[in-house]
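Next come two complexes, and both contain subunit A; in the first it sits with subunit B, in the second with subunit C.
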Partner chain A sequence: MTDAAIANPLRDPKETFRRYTIFGVCAVFLLVIGKDIIIDETDWARMGTLAEMVKTALFFVPEWSFFPQTVGPLLETLLIALWGTILAVTVSVPIAYLAARNITPFPVLTYPLGRGLIILSRSTHEIIFALIYVSALGLGPLPGILALATRSLGFLAKTTAEAIENADPGPIEAIEATGANRLMVFCFGVIPQIFPIFVGNVIFQMDINIRRASILGLVGGGGIGLMFAEVMQNLYYGRAGMIVVGITAMVVVGEFISNRVRQRLI
Partner chain B sequence: MKENVSLAFDSYRSDEMRGGLWKFVGLLIFIAFAFWSIDVLKIPIERVLGMFGRLGTMISERLLPPEMAFAAEDRVVDSIIETIEMSILGAVIGTIITMPLAWFAAWNVTPSRAILYPLARAIIVVTRGMPTLMWAMVLVAIFGFGPFAGMLALVKATIGFAGKLMAEQVEAIDMRRVEAIRATGANELDVLFYGVIPQVWANWVGIIIYNWDAQLRNSTILGFVGAGGMGLYLREQISIIEYQTAMAIIVVIIVMVVLSETASHFLRHRLY
Partner chain C sequence: MALLEISQLKKTYGTGEYALKGVDVSVEAQEVVALLGLSGSGKSTLLRCVNRLVEPDSGQVVLDGVDIPSLGKSALRDARRTMGMIFQEFNLIDRLTVLENVLAGTLGVTGTLRGIFRAFHGDDIQRAIELCERVGIIYHIRKRADQLSGGQRQRVGIARALMQRPKILLVDEPTSSLDPKIGREVMDLLQEITKEAHIPMLVSVHDIFLAKNYSDRIVGLQAGEKIFDQPTSSVEADSFDQIYHEAS
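Entry: the complex of A and B
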């Protein structure tokens, strides 16, 4: 028996042709994009030889003696992340209340409002929020905290609203049956059910906010990013390398702790 | 009997009081911490009070309405196309690098637990921890301005983002199928192609699409540090205090991100 005698659906010529066409179109598309980015838009002459690039890259080898000076800004970054998260938590609960389909007070008006705020917050990069706040409030950690809060309340409100939508209606009905008003139903029927999920998400968001807080300084939002921007401008590349190492270490430790705590919660 | 009840009541009351005490102490600690933070961060209190008024004036008078005509200028349209191209290329190249890394970084099927596993894990952890925008600044210093540095920054972001998710998928596979393949005398590569990839492929495709979506979001601001794309015009317009044109770019970014999110959501649900 030869191969051809077996009717293998995977070797159907039409299907094979279709697959190769899709593959070919994708490959051509990628090649065109690649040519545009790597050949047309890149100034290879300015870049110099590979040896020169390696030489520049070696300037970034961390200057360890700079470490003590980075501790203060790193702590500041951590505080910005923490306060950004605390603010986001406070604001996200009412927004989640608006954006959860089953408990929103006036579905026609408040549901789209809540969802719209969530989409706006989730789809805008923290740098953009920071720019707007910095231009209104001046430099410093305050616009950074506000930018972080605005950025992370979308995720918190979205996950909380989803948890509320998936909450067990049994306890909610039981509390409604006692004649409780909307607020009491929310406090005693909904919140106890979603609380563990909410705490897990807050810790997750805190961990992400450490990462976000570290770049806010690039646009004047305070923290370690400000120091990084200064150091890069003055071409102290070794110090820049040290700062990157410091941030990476802080983020990795933060992520490790957050994972551990969340595992214990769930 | 009566004594028992009163004892129980006493213990209940002391419990409640102790709970209240702890709450009070917690609140005090929180307030002290808040004041300490305000001191460390040097937050100007008098500015916090007038904050919302100033934000309101800023948004209503200087940011709105966005001058959308700016976003239709040729150079801006070119930069938007460049942003999308950069995100696709960075995501694709990053994914190609990430796939073997995810295989190495999965404890259950890694080809070498002593060398490749810790190495791959370290690469994923470090690339995850390093902020993409700073990495882009470093790359711009090495490779010069332009989308090439941005693309490499996105490759880094992809390794960190998709690497962890993909390795998690590999670690969750059904090991019986891997053992069955191993029992035929297959080598590690055969195990990968016939035991691992068929099980994770559907999830991996979902992660790849999701990752592209995330990289598009990243690529919109990479231009801020000169790493190509539309972020450059955002920075330019803000530094010359043309907030309404800057707002136009922000609107374009939001529209792009929402569209890509919808597209990625649609694709992921169609593929499953």
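Entry: the complex of A and C
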């Protein structure tokens, strides 16, 4: 054993063998499952030959004259994202307050409540929220806004609660020592410390929400997604291509703006 | 009767550590009492038990006739307003300006709505500016607190505590995070101001020089117990060795 250790000082040969065996077994397992799910359950005939695939792809070349009609829905999508984010920000602050172990008011009740709401928000996809809201409120932007808000508040509340838990207790102590009430301690002792992280995350969510808003329309949430669903159903593939280009442009503009805002605020 | 009367104060932390094992300390009006001891002797715990940033297990803390440990939340806030605290790590709000930090001393009395929008009263602002001038940071009042040096930050801390018009100052190792020369300047400032305004101080230090030069009375703490309580003038140089040697 000693000789083997000197010969290969970096790694115990038994350990190496064990490791590679595990990798090998996993790899074989994945390949077998892959064949089952991917290869056997795909209708390869439907794709056609290479020439047919290229021909189908060409259908999506953008119909540029359709552009003016996409502007309205694209703006609506941006606004849905904006309002969804604003609503999420508003609701996430009290939830973060409940979910932060160091300042939650009644730990046994409010901490699990806060964390529970966060988990609910983060574990469900926004499309599902949108479907729920659309069935309650009908088609249009409002269900889209609510769906985005419900989805975003989890991330915002979680990161904010973590920032609160990691806040330096010193300034919090100092404000408590002046005889200030809980709210003042929070406003002066906690908020200034977490502000940069909070703003960064809000900008990040706004960015993501623009992309999410684009597809919520597919299930009735308003904006460009609704238009996309319509043109696909009516087989106007050129228009669909145009919409994709429009969405891409909108996302790029959104990223540009969010970078500038981030630089200014933080 | 002393302004601050601490009797049989006991505190044990959850981990089983005995931080305070029944300590008696009193501070007369206009007196400066130094709490001298090594790290871990219980000085910080004692100070924080006075304004209940740390809850004592048992014992009395009577400030101006009021027993602090028995107060409810709202009455405790009122009591805290009368006690100014100065911290070893300064504990300023980094993102706010010096002036806003000093004004934070009024948060015990500034209304909630005013506080949220930082719309402090005009007289408070005026007084804050005067205090900044008194402690020597008037040229920095618009700077963010995190742009200041250590000595400047502690001056802001002093101004903030004084904004409260406190009955007593609780000072926790004010110079331990500063270099010696700056530390002495800060102690000089504290001494001047408290003598001018007739405010008593309970100061914790681990430096003999500071205890000897800036206090009227020295209380020695070791491992949570009081081992020494004499007027500074009557203390000989070798008594200090006694305090420190007991530790080993």
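Here, the second predicted complex is superposed on the first by the 246 of 266 C-alpha atoms of A that agree within 3 Å, B and C clash if a C-alpha of one lies under 4 Å from a C-alpha of the other, contacts with A are read in each partner's own complex, and residues count from 1 in each chain.
By our rule, contacts are C-beta pairs under 8 Å (C-beta built on N, C-alpha and C of every residue); 3 or more make two chains touch, one makes a residue touch a chain.
The model shown is predicted, which means the values in this text are computed figures rather than measured ones.
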Tell me which partner A:His125 touches in the superposition: subunit B (first), subunit C (second), both or neither.
first
Dominant toucher of subunit A (residue count), subunit B or subunit C:
B
Does subunit B (first) or subunit C (second) touch A:Ile37, or do both, or does neither?
first
Could you look at A:Leu87 and tell me whether it touches subunit B, subunit C, both or neither (first, second, both, neither)?
neither
With both complexes overlaid on chain A, does A:Leu183 touch subunit B (first), subunit C (second), both or neither?
second
So in the superposed three-chain picture, is A:Ala136 touching just subunit B, just subunit C, both, or none of them (first/second/both/neither)?
first
So in the complex, the part of subunit C that touches subunit A is made up of which residues?
51, 53, 77-85, 87, 89-96, 104-110, 112, 115-116, 157, 160, 164
Hey, which residues of subunit B end up touching subunit A in the complex?
37, 40-44, 47-48, 51, 54-55, 58-59, 62-63, 82, 85-86, 88-89, 92, 125-126, 128-131, 133-135, 137-138, 141-148, 151, 217-218, 220-221, 224-225, 228, 234, 238, 243, 246, 250, 253-254, 257-258, 261
Quick check: in the complex, which residue numbers of subunit A touch subunit B?
30, 33-34, 36-38, 41-43, 46-47, 53, 56-57, 59-60, 75-76, 79-80, 82-83, 119-120, 123-125, 127-128, 131-133, 135-138, 140-142, 145, 211, 214-215, 218-219, 222, 225, 228, 232, 237, 240-241, 243-244, 247-252, 255
Tell me, which parts of subunit A touch subunit C in their complex?
170-171, 173-181, 183-184, 187-189, 192-193, 195
